[in-house]
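Okay, so here's the structure we're looking at.
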Amino acid sequence: MSTSNQATLLVSSLDRRGIVARLASFMHERGINIIQVDQSVDAEHGDFRMRMVIETEFGQTPGAQLEEELEAVARDEGLKIRVNLSQAKPKVAILCTKEPHCLQDLLQRHESGELNCTVCVVVSNHGQLASIADFFDIPFVHIPVTPDSKTASEHELKKVLEEHSVDLIVLARYMQILSADLVAEWTHRIINIHHSFLPAFAGASPYRQAHERGVKLIGATAHYVDAELDGGPIIAQDVIACSHRDSITDLARKGRDVERTTLARAVRWHTENRLMVQGDRVVVFG
Amino acid sequence: MSTSNQATLLVSSLDRRGIVARLASFMHERGINIIQVDQSVDAEHGDFRMRMVIETEFGQTPGAQLEEELEAVARDEGLKIRVNLSQAKPKVAILCTKEPHCLQDLLQRHESGELNCTVCVVVSNHGQLASIADFFDIPFVHIPVTPDSKTASEHELKKVLEEHSVDLIVLARYMQILSADLVAEWTHRIINIHHSFLPAFAGASPYRQAHERGVKLIGATAHYVDAELDGGPIIAQDVIACSHRDSITDLARKGRDVERTTLARAVRWHTENRLMVQGDRVVVFG
Amino acid sequence: MSTSNQATLLVSSLDRRGIVARLASFMHERGINIIQVDQSVDAEHGDFRMRMVIETEFGQTPGAQLEEELEAVARDEGLKIRVNLSQAKPKVAILCTKEPHCLQDLLQRHESGELNCTVCVVVSNHGQLASIADFFDIPFVHIPVTPDSKTASEHELKKVLEEHSVDLIVLARYMQILSADLVAEWTHRIINIHHSFLPAFAGASPYRQAHERGVKLIGATAHYVDAELDGGPIIAQDVIACSHRDSITDLARKGRDVERTTLARAVRWHTENRLMVQGDRVVVFG
Amino acid sequence: MSTSNQATLLVSSLDRRGIVARLASFMHERGINIIQVDQSVDAEHGDFRMRMVIETEFGQTPGAQLEEELEAVARDEGLKIRVNLSQAKPKVAILCTKEPHCLQDLLQRHESGELNCTVCVVVSNHGQLASIADFFDIPFVHIPVTPDSKTASEHELKKVLEEHSVDLIVLARYMQILSADLVAEWTHRIINIHHSFLPAFAGASPYRQAHERGVKLIGATAHYVDAELDGGPIIAQDVIACSHRDSITDLARKGRDVERTTLARAVRWHTENRLMVQGDRVVVFG
């Protein structure tokens, strides 16, 4: 796990020579230790992508200065660099509706220190899950949504997100569709869990669809939300075996286990700065 | 595995009382031992399904008589009973094109005694895989297929199937679409392996589709062939993890392992009389 | 899931003919519907084992009478029959120490109705997890254990078990070893979760052992507790991939997910009467 | 996969600053493109490890010169660098006894181009599998081994290995124990497949042991061979579910699938220079 004087760099560019050398030398000159590098090139499109974890000693180059100097390198070399200082844990809002399993799971992991983030608020269009947020001492905001109130509700949601300086929205079985505007504003910063192995069974009632089709595995998919319903870049997927004996209720029960571990994995990866979207695909750094 | 004086019964009906009792008593009266029973009721549609493995001693009720008497029970009780005597191993034809992995795998398992069947012929629209059939001493028939020859070729195929008294057709990456007539004639007796996790990525080039969509697992599906392309009842499915680093070639390599084990599992289950189609779904008896 | 007028029979015996017929006829004569049968014979030892789910209509043979009549059959045929009426959900005590993940997971599943049991008490040798039990409205009893107090503490534990008429003890990461007497008294009614793929890494600090050995998968094992430490009959096992990058802390984090799902599966199976111990092995009815 | 002007570097050292910078600059100065870097530091022991894939253009620094210059860097910086030019595919000898599945699998993958190596000879202490080697046009050498002939047989084996300039020995279910001398001479260059999830069930008859213990998963382990039987560093492991219905024969059947995929994975990783042994553990570069 990251300790306080570490930072993570996510670097992308069109493939060109010397990027590793330039950045490695940059660090070396400043006495900064490189802890981990994961770099590769997309053979098909030629995209360069790299995740670098560095460690500065106390009293060395302060974070703000480092970021500034790296920005200069980025401009100079035509790179896209995202610097994340580990002191700054991302702030997360969890949106949910009535089903408790994903919310409970995320908050439990959060409390146990598994997730490199601060969950600062839980928002729901219903009141049922308030007690779970209470148990973990996280503020709970109830924003009802009706067909008529959609715009007003989302306005209220935006205020909550601002108030808490939220960096990432996690849809933990949130049964409302966000507006195109909100989604566009939060590109690659909203993670949803869909309870099927996408692209199979997009849309409503995936377990019913799976049951009717008689599949032998059911799955869950964590993905970034974009304009197309259940169509955003896929972060993580997992499956569990099922059989003809499983009713839709059984599928839902089995599925819950996959949903929560898959969503938690995606959130952990995002908050550890292991994810980068290239085209329609998500690069997951190991 | 089944030894020579065993038989398997597959029984389906609309749910009604007393079927287990009737059949169990039937066996008991004839001194036939029940080795295994797997029976359940579909909660949704009320369908009754049962697989029963029985063991007769030598000199007892001969198979033919047993079948006749069971048919009388079936008529009487409104059941559908399929009796399979283990002496009679199903006869299998494998159809393939150019890719060797599924063919090689099935023939190796066949030779090692894993599959409860006799592979009696390999048919291909190309000549490349003849040496594999030769190696395992299985007749190889080359039936070229061109857009013009489709009907004639299928006619030839039917003759081969008849000649060898084939019970089951296995499409081991056979790259031709069978005619609706042939498919209808062989309902639930043609098994295909599709190299995706159906219903995702039906149709051509599933690995390319999977790559473009950026999925994190790729899969394979063994299914009975019916009129709709890649739409028949699903028998077995499996998946394997993949990542952004995998090219389409890597996906194909990884996928081959899943294809061959999934297809082999489906063939083994079918030939051990573990499969029953109810509606669009396949019941797999454990 | 079982509804109120269902019952489950677990039947074992030395293999002999006619058991299925006898019991199926028994049910048929009383107008009792057979919903599910899973019966097999251990090829090696000849043991017969069967799970039968039956459904009686309201006003039919009452449970007590059914049990009595089945006992007569059992005596008559030399069978061992365990009848479980679904009205009578087993009563469960969960024992834990400081780690919350298994306790929280079980109580959440219990609340959501996944587990066919009533958790009536949580017992711990420490006080930390009281708030979790509180949240789910389950009584929490704190029984400290010191080297000197072991006998007295266990005495107190027995009183709690009696008071709540407990049928099953679940050790959800309970870090105390129960006395041989208690274990003997509760044969096949104590389920433990061990955080390794047994028999590998029995004993203390399995994740440390796994790390040192450099294994590529870590696992968890749910088993009945018997006299030998981590040696009882295995109910369920699962694994998760790990790599050289995983520290012991990472292994523990990954392992927690496997521990809780594996333990939950074992508890669900036990409380749905799907488990039967034959020799050192557990039969799991599907 | 590697094309002809690529090379792979495996670099290990005690952790010190500037290694990435030094090597990246080294490449940059010579106009060599870095395709992939996977670098990390063992938090516990401070070991640095890196795999770097580079690509030189035709007419650039030739391989021999590159190796020499890198050796100078290694001496200078106290590193251990292993350079593998992709033109030089490792030469592999497969040793087997009577079971065909692993041999057949490896040779099929070899033929399909999945493995970055040249299998140049198959050696067996029995004659049965000669036809498989023949089929794939690989020389087969039969070296019988009896208790008396052990030394002479191994002498003969060494001659065969020399003759074919073998780089890697793969034990594909080879049922003989190699001498301590041979093992020492081939440290981290002999891969064995053991048919259990090590360290569980080391030694003889692991499937029998697994059956007796009643485990719910069986596994396979590919590992480097060292002095201790089934005790060398673990490269790859996998498991498959089993149940009380599986006889030892069933376990062996299921296990064969895991054995062959696990062994193939280990061989592929080794021949793609993805493996590095640090202490008792194997680093697998992704």
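First chain written, first letter: the chains are A, B, C and D, and each begins at residue 1.
As a convention for this text, contacts are C-beta pairs under 8 Å (C-beta built on N, C-alpha and C of every residue); 3 or more make two chains touch, one makes a residue touch a chain.
This structure is a prediction, so every number in the text was calculated from the model and none was measured.
Taking the definition of touch as given, a chain qualifies here only if it contacts chain B and chain D alike; those chains are A, C. Chain centres here are C-alpha means, and the one lying farthest from chain D is C. Our note on geometry: chain A versus chain D, Cα centroid distance of 36 Å, whole angstroms. Separating the CA-averaged centres of chain A and chain B is a span of 42 Å.
Each of residues 40, 243, 245, 286 in chain D touches at least two other chains. Taken together, the chain A residues at the contact with chain B in this complex read 40, 42-44, 197-201, 212-217, 219, 233-239, 243-245, 247, 278, 280-284. Of all residues in chain C, those touching chain A in their complex are 1, 100-101, 104, 108, 112, 114, 131, 135, 243, 245, 249, 253, 257, 261, 286.
Of all the residues in chain C, the ones that touch chain B in their complex are 17-18, 20-22, 24-25, 27-28, 31, 33-41, 50, 286.
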